[in-house]
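Heads up: the structure comes next, in structure tokens.
Naming follows writing order (A, B, C and D), and every chain is counted from residue 1.
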Amino acid sequence: MKKNTAVLLIHCPDQKGIVRAVTDFLYLNNGNIVYLDQHTDRSCGQFFMRIAWEIDAFQISREKIGEYFDTLIGKKFEMVWKLSFSDQKKRMAIFVTKLSHCLYDILYRFHSKEWNMEIPMIISNHENLKPLADQFGIPFYHFPITKETKAAQEEKQLKLLKENNIDLIVLARYMQIVSGNFISHYPFKIINIHHSFLPAFIGSKPYHAAHKRGVKIIGATSHYVTEDLDAGPIIEQGITHVTHKEDVADFVRQGKDIEKIVLSKGISKDLEHKILVYNNRTVVFD
Amino acid sequence: MKKNTAVLLIHCPDQKGIVRAVTDFLYLNNGNIVYLDQHTDRSCGQFFMRIAWEIDAFQISREKIGEYFDTLIGKKFEMVWKLSFSDQKKRMAIFVTKLSHCLYDILYRFHSKEWNMEIPMIISNHENLKPLADQFGIPFYHFPITKETKAAQEEKQLKLLKENNIDLIVLARYMQIVSGNFISHYPFKIINIHHSFLPAFIGSKPYHAAHKRGVKIIGATSHYVTEDLDAGPIIEQGITHVTHKEDVADFVRQGKDIEKIVLSKGISKDLEHKILVYNNRTVVFD
Amino acid sequence: MKKNTAVLLIHCPDQKGIVRAVTDFLYLNNGNIVYLDQHTDRSCGQFFMRIAWEIDAFQISREKIGEYFDTLIGKKFEMVWKLSFSDQKKRMAIFVTKLSHCLYDILYRFHSKEWNMEIPMIISNHENLKPLADQFGIPFYHFPITKETKAAQEEKQLKLLKENNIDLIVLARYMQIVSGNFISHYPFKIINIHHSFLPAFIGSKPYHAAHKRGVKIIGATSHYVTEDLDAGPIIEQGITHVTHKEDVADFVRQGKDIEKIVLSKGISKDLEHKILVYNNRTVVFD
Amino acid sequence: MKKNTAVLLIHCPDQKGIVRAVTDFLYLNNGNIVYLDQHTDRSCGQFFMRIAWEIDAFQISREKIGEYFDTLIGKKFEMVWKLSFSDQKKRMAIFVTKLSHCLYDILYRFHSKEWNMEIPMIISNHENLKPLADQFGIPFYHFPITKETKAAQEEKQLKLLKENNIDLIVLARYMQIVSGNFISHYPFKIINIHHSFLPAFIGSKPYHAAHKRGVKIIGATSHYVTEDLDAGPIIEQGITHVTHKEDVADFVRQGKDIEKIVLSKGISKDLEHKILVYNNRTVVFD
């Protein structure tokens, strides 16, 4: 059986001695490292690190690790850090509209226990996918959205999300633009799938635009949602080659296969605490 | 040994009976079809076809095929068509600046006889690649370009190209924007390689822009040059996956491997008479 | 709305006049061609063709098309041909064991009506996936298999399949080798997904073998089942790049994403009457 | 300008404290780490690490680093390690036969200074590529090989290689099997390109075999040469998708584009001291 591990995601200004200080801290307190990767971005002088270690024999109690780490190491190196534990289950809300391909892919991973998480709710602006939610026994909430009701409906959604202690929101082909206010409650905690290889074809109907431009590849991008439409930090991208023989409907059909994989890969990375965001770009550890 | 073939590239408004009429024409005149592919673009109602046949036993003489085809078939279906022969060598001029990766790739294919063509000249706005041209015995012409001299230099280039009966111009990382006037002399006969997956990152320094945006794929695009910068009909695109570990220099280095292959594939398709252009998009037969 | 079409898949020894004869037949009987692709394999002198046309205004009645075509064209050219109609729904049986990723992907396409077919049954040698079948309202039949019972169980399966007029059998990670006798009832009508890029890693535990060999790519292959294990005609293959960081469990997890897409693409091609088999190889029209 | 760096490639049985010990050693002696990556293979309990640091201000002199490291760290952890310096140029011999695509690609990278190395010689069993070697001013040695002369010719080749202090041998489509004796002089220092996605299609004529099998992807593999034919540690693999329309000649032509890139990527990794070999598998750092 897999042992419980703690995971630290760290970034700070680069300087000598960071790796040594962190590994020293773990070594001296009997932490067996099971993952260590680091990266220095020379263009911005920032150091990034992910380190995981077994906590069963660790001398510092789980509750105290954060405090000790910050006092002994974090403050000294001006670190921004985040501590997680492998046995914590993230609670994920899925937003959908009418298309089901991404939702199926997520439900498969949830049910086959590929992912260590919970799905307390599916939220939608339409009722089309309610039967699927019912079938899998997941509460389904219908929030129809019009220009007039949008602000009020988002407030209700936020209340529901907070009450359910949601950690991660996934927009699985949710055909609504979420407001800046909504996003501000979940900074870098909302993952969207956009059906183009960003930054090409931002906004609506990217497959139509791609077909019109006569591209020979189409793609999809999973990214964290920020206030700028389709401009948040990219997590994962995938593509497929197309020819003149494919029309827009073919793009849509083939694109679905890319979208669902690219979205699920992005979610996986987040669930495994493998993503750091800095300057609107991601560091995605493998 | 491969037999001589004639190749027809055709497009016209779609209607019943086109394939039958063309294949009838060949059959009745003893032409053995070695290639036939067709495509109907329903969004614009246009029919596209490429057909090749052995001409040794063909009853219509090579010089008369065009006239007969147009009279008997072309006019009736309002066809735009182009006739070529497999034993005609295209004459290609290569424009370069300082980077050699695409030029090497082209020279390799030329020298190993992968391509049935001639390279009467290499043109550059710098002298850096003259030694390489010399080494391969290809005439090298140096046309330094400034804002002031550009128009005059392009006139000289055009004169040289016309004198040498150039059929195809390849911009192999030529770091100059060619003018609309220049392009008008070689409509859909100038192939450029752009170092991004268009339409993302049009213009200069696409790898810098890609890095800044934090993309997880980079790419390259070969396309015919039109007056709109980097907006001409796309022939071929390729990509490679990147991570946060790659900086701009890595993008540039890895990008070169994609650029040269994507450019050479685009050139191949043109040399083999496999490309039709319609509405700023290409039909690329395989 | 899409019009009803007839589809002909043809192969025969190559000779002059085939395309002309077929297109003549359609033209003269008022058939509007909506798809035509052909291919000649020069290594075996065989001609392959797929042609589809609208049948609403076709002069020969649906029931008579086959007879007329064979009499007027097929016999003359020694054609092997197969006629299908776009409004016929194939009836597909899915064989599974314990893994659900391929089954989910198939169910998604079925339920979202991406595929024009019916799934009268899921058959399994284990009961694990019965709840999923129940959830989607698809009859589930449990046929436990041991060395001793295999022949008898296969007989029962065959009986069930015949009674239900099954046209296509999909082995969606079915962990049993089906017998030659069983296969002989469904020649080129059983599609399997093998979890390697064949012909590498035939047989069981291909991901273990791939990891041991230290490959840098893993893949999956969908193919028609023949008596030779994992040696039937390949329909579709996909791969993903891996590094030394991935262990066997990672291969398995990543492989699932390839397997399901590669299997579903293979099924799509079959459902759309786009595959011809000759000499243990496929011609897959696009 | 890039500073001089030292690179350590290390592997040893996994245990607590390795990263800390190595980073301590560098920190205490004023070494600024510019690269650190590590990997533990749990299937064999082996720890792998690559670490690079600037040596200008390092307190231990370049000549003494190895000794000090081994005494203070290496012996304690039973490390197998290799120390290199970024300013050392590897000396590479290229073996070719008649095909030039890989040779061109290597010469391009050499001449454009993408690689920090020297090419003191090209060796061939045929004279076809001598003009290309001459053109680039690289000594060309012709060693015709027959069954009878092979052993003697290899002795002469070895003498020549030793006299020229060759560090790395690249078989750039060299159509001869080198003997076990020859290989024993350059363990994991001979890189070969095989024109298939190994382990499929070992031995000669892999494209013919791939075509016969009807695969939908073809590929290439760069690997270190060991006594077992095409079974040495894989460094890099690449593929491209093919269809029934491609014949063997098309496979060969398209394969060349993959081969040259896959070989050059493999060479790059070796030149940058990024490869460790263990149990016939590679760890390739990025």
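Basically, a contact is a pair of C-beta atoms (placed from the backbone, for glycine too) under 8 Å apart; a residue touches a chain by one contact, two chains touch by 3 or more.
In this text the structure is predicted, and so the values were computed from the model without any measurement.
In terms of C-beta pairs in contact, the better-connected of the chain pairs B-D and A-B is A-B. With centres computed as the average of Cα coordinates, no chain lies farther from subunit B than A. Chain geometry summary: the mean Cα position of subunit B and that of subunit D are 36 Å apart. Averaging C-alpha coordinates per chain places the centre of subunit A 41 Å away from that of subunit B. Shown for subunit B are the residues that touch two or more other chains, namely 241, 243, 245, 286. Residues 16-17, 19-20, 23-24, 26-27, 32-34, 36-38, 40, 241 of subunit B are the ones touching subunit C in the complex. Looking at the complex, you find that subunit B touches subunit A at residues 39, 41-43, 48, 197-201, 211, 213-217, 219, 221, 233-237, 239, 241, 243-245, 247-248, 280-284, 286.
Taken in their complex, subunit D has these residues touching subunit B: 100-101, 104-105, 107-108, 111-112, 114, 135-136, 243, 245, 253, 257, 261, 264, 286.
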